[in-house]
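Here is the structure we will look at.
Just so it is clear, A, B, C and D label the chains in written order, and each chain counts residues from 1 on its own.
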């Protein structure tokens, strides 16, 4: 599976997408050779044939020729445009995760990768994923910019501080491969690597069972929700307190009306901002009284809280499940 | 063709002999002497940058990272990048060859703003020494790109000092750019219309436009990085309300055009060298001329291709990818036209020609590999890997440095009045071609295999190709050291050069080698086209 | 150029400045672009009349105003990215 | 600032050529200034787009009255400077000197007012770095104040340079070192710089003080 070979000329593939990228690259190489090889051949032939001393017809006039110029402008351009469209299509695919993808949260920090599975399993510098199921990585950095790179998937995405970025892939074979940090991030940049372990679906389920799964991500968030006193204001129904704050049930994915008249979709980025920068977007009809939690919570805790609030999406504000 | 060669035998002392003593050099306003000063400075910086490159290649012989500490390695590649980009590649051709040749090529006595010209040298030399001291004594581990928030919050080292040095040097670039533009506009000899200008002048004019317009954006960006590091005004720090992607936008708004600052002058040199070795007019003069201008303008519209995986919006990425394909067109035009010029020519094979061949070959490989990086889905895979490293070294070292060396050999007789040893010149050129490809071609494969750049240690599977690369670097070191020795030797022992040893066209060859202080005894009147080779120059006697 | 003409231009620029400030204090919905248009007008007046670009060669005009094109490019990139992100 | 070049003439053929060279050189140099401040404006507008609400909270605290009066001062000084050029063309030396002095005086008034503005902002706790910035809570609003400080301070430095250059020219005129209209280029290129600094302010002022002010 992962024999350390001394000499290697082509990287392994572990997804259908990787195969498509390779195909694109090979096609493009062929096309480029078509445009470049004639130049090399002409250079060699001309420098041999027209060298000083050889007896060949010469002509000092070379004013240029518009037809020739236009030919070698238009042909490569058209060829490149076809490949541009094809590669944009692939790029679009690689940047738009399918809706049913399994979401794994990634927190990068100097110089390690932390992963949180939906079931609450946590890993450092190792990532177990199931084969044959789209996996969406939702990533954030705690310090500098990093970049998660899986050569076998032909995919990478920078991991930024302060913003979630996303990457997805669907593995089509089991195996153990290396992933790396591709964006230079300081002293031990080169040691910031990940072991990507792709398991058959049933093996993955088994692995999930064996790992520490005392609490799901949302349950962990629920604990934090109480621990940091969020429930004091954001409770609805019978526990509603004196302080009026927007109820969070059914919030996730909804279109929220804001105090300045605009609207926002309550996605994870919105909820993250609301926790860390509560004054940024105020829900219409509420006082801007929420304190910021930016110095209190780290990115992993925020991810748990978001998971908890997300789990409330299916609950109606009156407490009933539809 | 230049008709009168009578004044070649004039007894006016050359610019080298007209004055003597250190002061006559350090306070000179003669563009030719300032060019020599620049040559000494950039040679020194090239040497320093190469030492750092050597350290990097030695480190990468083994996968473990046992030669340098991680910080030592990071500082080495930062030093290599900063010195090579701002203190060698950017000033090399414009300030050395451009300074020396532009007045001679357009029939002027000097540059338009001679004192600014000298100030430009002091800024480069002063800024360079300052930066180098900071890089060696304190060390900076941000890479030459100074990406935030790493450079503002997490890097320990003399970031601010290095930025100050680069900032100062920016003024040197701006001064040179202003000077070249004003000179070309105001000091052309009577009859020297725009379409009679040598293509070298066209390309340097386009380069200067970039220098003048892009450098200030780098200046303000670096200033804001300093403000963030010193005062906590977090323009690029998300925790303080800023956006690190904005830094990348502004940085690449300068640094992508900066690639053309390094490459365009090289293209200009090659246009001269191609015609001189072919002894005929260039194929499609106006296409080559306008492609320089097109590159100068389009070069400012493609910077987002450095940010395809940085978190930039998908649609912006697609737009930048499309524009990046457009800029390949003017580059392709040049390569095809150079090749077409050789058709039915009378081709002299000498060291400058070998450098020209090296340039065209490596530039085409570098340029096409650049298209892979512009190709969205391919770039997602190879971005920030050795593929990119190989790509830009093909352009900046393979192409630009070869052009500098080719130009140096070609105009060496004019600059110094001495001929370089031809055999050694050819040996060095061929060694450079072999050494370069040995060093950098394996890096394309390494990158596609997935080895990220700026890695101090790496997986053992990459070792073989890294070893090939490191051994190539040793060959390359010899190839770069050779000219240093034989060119210096030729200064003392080389045979005297005549005014026009290559039978080349162009005003610069109509004056003695080395030229007198004011270049032309009388203002030349230009009544001939560029590359005005007579039929017999091409047909020759054999 | 006559002094009275320059004075007229000066008054015009002051009026534009006043309009911009006054607009900023109103609740007019699209005041942003109008305020920037006022600024553009002021700059236009200064460059055309005070700097006398209108009496200069087109080359000098090109050099004085050329940077505007590149500033436009500089604005376009980050803004397109920001709006479509 | 490389605006003023003595007539090193040996490379030029004629005075007209030299004048054209000086014009082009000066405008190229000013293009670099435009690009630099263009970069700053780009950043300002980028954050205005990203954080409209927070920026408008910072804008609310800025003294648009002081800024507006300063704008008027700069416009006036530009007007006086263009009168000075007219005087120089006609070689009315005394006239030229006094107009130059008025212009420089107006620029000094601009700086004084700017200083007063900084001072009051300092007392209100608005200036970043120096104060705790109590009235502004969100990072983006504080960032905007940071951008305000950097761009106005950088602009004030340019005004300062303009004042020093103007004073120098006044002195040279006073000592009779600059005969007019022979050395007209010196004062003309200086005026280009003067107007360019004014134009930069014309765009900075609404971008910082006016747009997005809550009613």
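To be clear about the criterion, contacts are C-beta pairs under 8 Å (C-beta built on N, C-alpha and C of every residue); 3 or more make two chains touch, one makes a residue touch a chain.
Since the structure is predicted, the reported quantities are computational estimates derived from the model, not experimental observations.
Looking at subunit C and subunit D, the chains in contact with each of them are B. Inter-chain contacts peak for the pair A-B. Subunit A and subunit B have Cα centroids lying 36 Å from one another.
Separating the CA-averaged centres of subunit A and subunit C is a span of 42 Å. Touching of two or more other chains is recorded for residues 59, 67, 70, 74, 78, 82-83 of subunit C.
Residues of subunit B in contact with at least two other chains: 185, 213, 217, 239, 245-246, 250, 311, 314. Listed for subunit A are no residues, as none touches two or more other chains.
In terms of which chains touch, the assembly is arranged in some other way, matching none of the line, ring, star or all-to-all patterns. A complete list of chain pairs in contact reads A-B, A-D, B-C, B-D, C-D. Subunit D meets subunit B in the complex at residues 2, 5, 8, 10-13, 17-18, 20-21, 24-25, 28-29, 31-33, 35-40, 42-43, 46-47, 50-51, 54, 128-129, 138-143, 146-147, 149-150, 154. For subunit D in complex with subunit C, the residues that touch the partner chain are 20, 23-24, 27-28, 30-31, 34-35, 38-39, 41-42, 45-46, 49-50, 64, 68, 71-72, 75-76, 78-79, 81-83, 85-86, 191-192, 195, 198-199, 202-203, 205-207, 209-213, 215. Within the complex formed with subunit C, the residues of subunit B that make contact are 185, 213, 217, 245-246, 249-250, 253, 300-301, 303-304, 311-316, 319-320.
Listed in rising order, the residues of subunit C touching subunit D in the complex are 1, 3, 6-7, 9-10, 13-14, 17, 20-21, 23-27, 31-32, 35-36, 38-39, 42-43, 46-47, 49-52, 56-57, 59-60, 63-64, 66-68, 70-71, 74-75, 78-79, 82-83.
Within the complex, the subunit B residues that touch subunit A are 65, 70-71, 74, 141, 143, 147, 149-150, 153-155, 238-239, 244-245, 278-287, 308-311, 314, 317-318, 321-322, 325, 328-329, 332-333, 335-337, 339-349, 353, 357, 360-361, 364-365, 368, 371-372, 375-378, 380-381, 383-385, 445, 448-450, 452-465, 533-535, 537-540, 542.
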